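Chain lettering (A, B and C) follows the sequence in which the chains are written, and residue indices restart at 1 in each chain.
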Amino acid sequence: MKKSVFLGTIAVAGLAAGAVSAQTLDEVQARGELNCGVSTGLAGFSAPDSDGEWQGFDVAVCRAVAAAALGDPSAVNFVPTTGQTRFTALASGEVDMLARNTTWTFTRDVDLRFEFVGINYYDGQGFMIPRELGVTSAMELDGATVCIQTGTTTELNLADFFASNNMDYEPVPVETNAEAQQQYLAGACDVYTTDSSGLAATRATFEDPSAHVIMPEIISKEPLGPVVRHGDNEWGDLVRWVLVGLIAAEELGVTSDNVMELAEGTNNPSIERMLGNEGEFGPILGIDQDWMVNVISSVGNYGEIFEENIGEDTPIGLARGLNAQWTDGGLLYAWPFR
Amino acid sequence: MTSMTEPPAESFRLSQLIYDTRYRSMTIQVVAFILILLALFWLGRNIVSNLEDLGKDFDFGFLGSRAGYDINQRLIEYSNDSTHARAALVGILNTLLVAVLGCALATVLGVIAGVLRLSNNWIVARLMAVYVEGFRNIPLLLWIILIFAVMTEATPRPSDFRGDRPEASMILGDSVAITNRGVYIPNVFFTRSLGGNEMAEVTDSAEATVIASSSGLDWFVIILVFVASILGARAIGRWATAKQEATGIRPAGAFWMQVGTVVVPSVIVFLALGATLDFPGLRGFNFGGGIHLRNSLIALWLALALYTGAFIAEIVRAGILSVSKGQTEAAFALGLRPNRTMNLVILPQALRVIIPPLISHYLNLTKNSSLAIAVGYMDVRSTLGGITINQTGRELEGMLLLGLFYLVTSLVISGVMNIYNKSVMLKER
Amino acid sequence: MSDTHAQSVQFVRGTMIPEQDPPITEKGALKWMRENLFSSWLNAILTVLSLYVIYWVLAHILPWTVGGIWDAESLSQCRDIRDASGIDYNVACWAVITDRWHQLLFGFYPSELYWRPILALIIFGAAIAPILFETLPRKMLIVSIAAPFLAYWLLWGGSVWGPIAVAFGFGIGWAIVTYGESLLGALGAIIGAIVVPVLYWLFLAGPVGAALQATLPIGIAQIGSNQFGGFMLAIIIGVSAIVLSLPLGILLALGRQSDLFIINKCSVIFIEVIRGVPLIVWLFTASLLLNYFLPPEVSFDLMLRVIIMVTLFASAYIAEVVRGGLAALPRGQYEGADSLGLDYWQAMRLIILPQALKISIPGIVSTFIGLFKDTTLVVFIGLLDPIGLSQAIRADSAWNGIYWELFIFIGLCFFIFCFSMSQYSQWLERKLNTGHR
């Protein structure tokens, strides 16, 4: 009895995390740290390295927001969440934002009362299959055994795909990507289905990647993006414009190398406004005037983040594809800083 | 004597509530009751206000909406168009299936290991000690993961059965296939089924479920006939015993009459329904036909049984050791043979010690089956407590139902086992 | 006499013959084997079968284990080294352990501060030693009292005054019980000892700690609980849950034994509900639902929620263990206490509980082993225990695809820990048993 009171006091003394309220930004600034929900481990997107530093594409978004809100990209408290716990963690205020491959869907946005601030990766569900089976199209998968991660939208997509094409399949549910990989390689399932970025990342680590093909069909749209709680628009705006800033910086040619130079002043008014030399965009969001300078100098622009974590030179080896700038035929289209 | 004073008139003072032992227990209970009510009220109020803040309501309506996901192992009809309630029911049946299978195998393994650990064979006793200590001291979750991985790595994949010179072949006259997706065994179906023309469905289905549910009515009839014939056989046995007691001679052939009564009607019904074996065979990507015991089920089953078996082995060992040696010696002195000594003297006494902890290990096994999540076995925690909660965002309602299911299951198991325990206990006197 | 003897017997040995060795089948290894391995046909078959099983397992595992590669940066490098050395069978890539062992043990705790959890573990060991081993001097119990605060401070860091301010509350409670009894009466003292410290903790402890820290800042670097992981996390959850659940469990056990109807029924319901539902469901409750039960302005971090939930879970099991201990005491102990005129709490505190708890220790230890093993379930709610970390490690592109090595390492660590605990518990049980006969 006495000891449990002691525990309660510990909570009062400082272990208690922030409570849910509308003022997320104030809380983050008072705390001096951003609580960011990430995946427990997905190659290229979020995983801790041997020093315990989190690395990856989603992790970089957290760092960018921390750089904007607090001026320090390392002031992030990474909270690993599973497919099952992520939404509760966000709803309860345990994390300030989710930067975790979360698909933007109607129910999640409206019914579960979250706010998707934008899209940082356009993905789609695909299939991977061993080359030796000689299958060239997902339409030939009738009767196949399919490995699939539970607790994700992929389950529903898969059921819809096979039902609409009048095909039969046997789902093999697995808990994590790592388990799925082991099952697939052992041949316990013919096909592995998940977001095609995940497929590419997984295939890249196989002993013989060329023995596996990724089907050309993409059976779903998976717009992945950071999520915040419904109802705190100031915080949502901040996260949204950090994301837009990352994309715009690439479009405008602002990189981590030249951002300091450009911050001195340029003749491009868009860059001027974004980097805080013109207008009061930072203070309007409730943060420093040079917020985008902090962001770009610490994590780089969208293109740099992509290339560093999942680009073609990394083991993951993803092409830009849909995630190229609109000027290059992709879907990334930053809204104007004006 | 006459000077004895009248006892002081009973006057109730408030302090008596605390200092008078007659009232004190009442006071304590009332205070405790009020405190508990206050705590419950506080929790309830918090839930209501939190739900309000999140804009959620408390509503079980989601159970009636379309589930939208598929479940690979289903003992009853289910498709992704079924409701969430149906999905939960499929999960419940899967949980119960693995729990029952697990308890049975764990008991067998536990008894064997417990007896062998007392064996005077040095190496066998050591081997069993390694088994028991190994499983008792490493988390069940690790065992489940490891056994699942071993099963997928060590068994051939379906593609190995293909080709002119396959690397693997089916066993038992091409009737059973052991693959890393599970074990395929022949299935019985009925050409003259009572439930209509269901033969087509069984043969078409590339993924026959563990127990072909299509012929439920046929199985019901068969079981009914079987139970009836067993009752008949018992009646014959009673008649024979009565005759023996009356005349001293047991009627000739009574035993064979009993056997015939049990076997013949069932076989006749079986044949009348047109029972045929459906052998598994390679179809498309997988084996088709037959009954598919999935790897997830087998791995979970084995892991639960091996883990719990290690605990049961210790219980059995302790139980046998608790019967003093004098009992054995006395039985031998009476001229009982060793196996009758075991059956009539040692076991009934050992059971008294074994049963109560055995019950709690059955309960543990049932609860541990919720670790099915690690191998993707679709038990109730994965369907109702996993995918359904995740897709509908109804964690409060879902977890409540889930907890209720486990609670009821536990209470039923412990209730039934306690009744059995009492019946064993009575033999003590 | 000797004559007749000499006539009837032709030969009498005058000296003892030298001792001979027993027949070869009756001595040494051969005898042992005959008795222990081949005493009957069945045993012989079992022996051969066992030997075959052992050979089969070793033949499959040994080359893989022994030939393992310890020095590599990534799995692909492991494969290159294997191919370069011309080994044509699979070998283990133990390099993942050399690279990541510190994460499996300590999570993300800063490596320069590893001495802190280690010291905390040593202090914890010193604290429970006098409870576990009776031969140690009783004065060591002082360490036991200070240990929780010290361990908390070492693990989480921060100002030293926080834990001291909290500990001071216990001092107040103790002082009220000891010195206030004459002033307030027995019942008043107990109530005061509960109410005053609670009020102190709720309203005074925080400001007092802060004020002391402001005047005399002593502290060590603060570590957030998100940095905790690996076996450290498992041990912290297991140990704190058991320690915290003991008082609650004892109360529940007393409640279940009690004659008071309401208290009895409440205890029974609590214990049965907790025990009837699997831990994983409770953990999901902690992660998904606990926030519904708390007022909106209070929110604990996940690790604390898990500790609370596991504590409640363990307390139900501890209650059953203690109830067993209470039931095992001879009835005379209760009657003796009553005849001395002790009231309920005095009887419990001075006579019943010390004996009941002593015989419950083996049960408590095995509950702890079970709980420690069950901490692996926290992986399902996203805490990075050893298994969770193994998944995170496999998500790193350097080690993606590694499997057995991590699980074998984790399993081995668990085995060493749990096996030694269970050996202790068995030793204690034997000791207690002889004491009672």
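Here is the rule we use: a residue touches a chain if its C-beta (ideal position, glycine included) is under 8 Å from a C-beta of that chain, and two chains touch if they have at least 3 such contacts.
Just so it is clear, the structure is predicted and the values come from calculations on it, not from any experiment.
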Of all other chains, the one whose Cα centre sits farthest from chain B: A
Winner on C-beta contact pairs when B-C is weighed against A-B: B-C
Centre-of-Cα separation between chain C and chain A, whole angstrom: 39
Separation of mean Cα positions, chain C and chain B [Å, integer]: 29
Separation of chain A from chain B, taking each centre as the mean of its C-alpha atoms, in whole Å: 42
Touching two or more other chains - residue numbers and ranges from chain B: 53, 149, 373, 389, 395
In chain A, residues with contacts to at least two other chains: 20, 84, 88, 175, 182
Junction residues of chain C, two or more chains touched: 284, 288, 291, 296, 380, 403
Contact set on chain C toward chain B in their complex: 32, 35-37, 39, 43, 46-47, 50-51, 53-54, 187, 259-263, 266, 272-273, 275-281, 284-285, 288-289, 291-296, 369, 373-374, 376-377, 379-380, 387, 403-404, 407, 410-411, 414-415, 418-419, 422
Sites on chain A touched by chain C in the complex: 1-20, 40-44, 46-50, 52, 77-82, 84-85, 88-89, 92-94, 175-178, 181-182, 185, 201-202, 204-207, 314-316
Contacting residues of chain B [partner chain C, same complex]: 18, 25, 28-29, 32-33, 36, 43, 46-47, 49-51, 53, 116, 119-124, 127, 133-134, 136-142, 145-146, 149, 363, 367-368, 370-371, 373, 381, 385, 389, 395-396, 399, 402-403, 406-407, 409-411
Complex contact set, residues of chain A against chain B: 20, 83-84, 87-88, 91, 107, 111-113, 132-133, 141-145, 150-151, 155-156, 158-160, 163, 168-175, 179, 182-183, 186-190
In the complex, chain B residues that touch chain A: 53-55, 68-72, 80, 149, 152-153, 157-159, 180-181, 206-207, 283-286, 288, 295-296, 373-374, 376, 378, 382, 386-387, 389-391, 393, 395
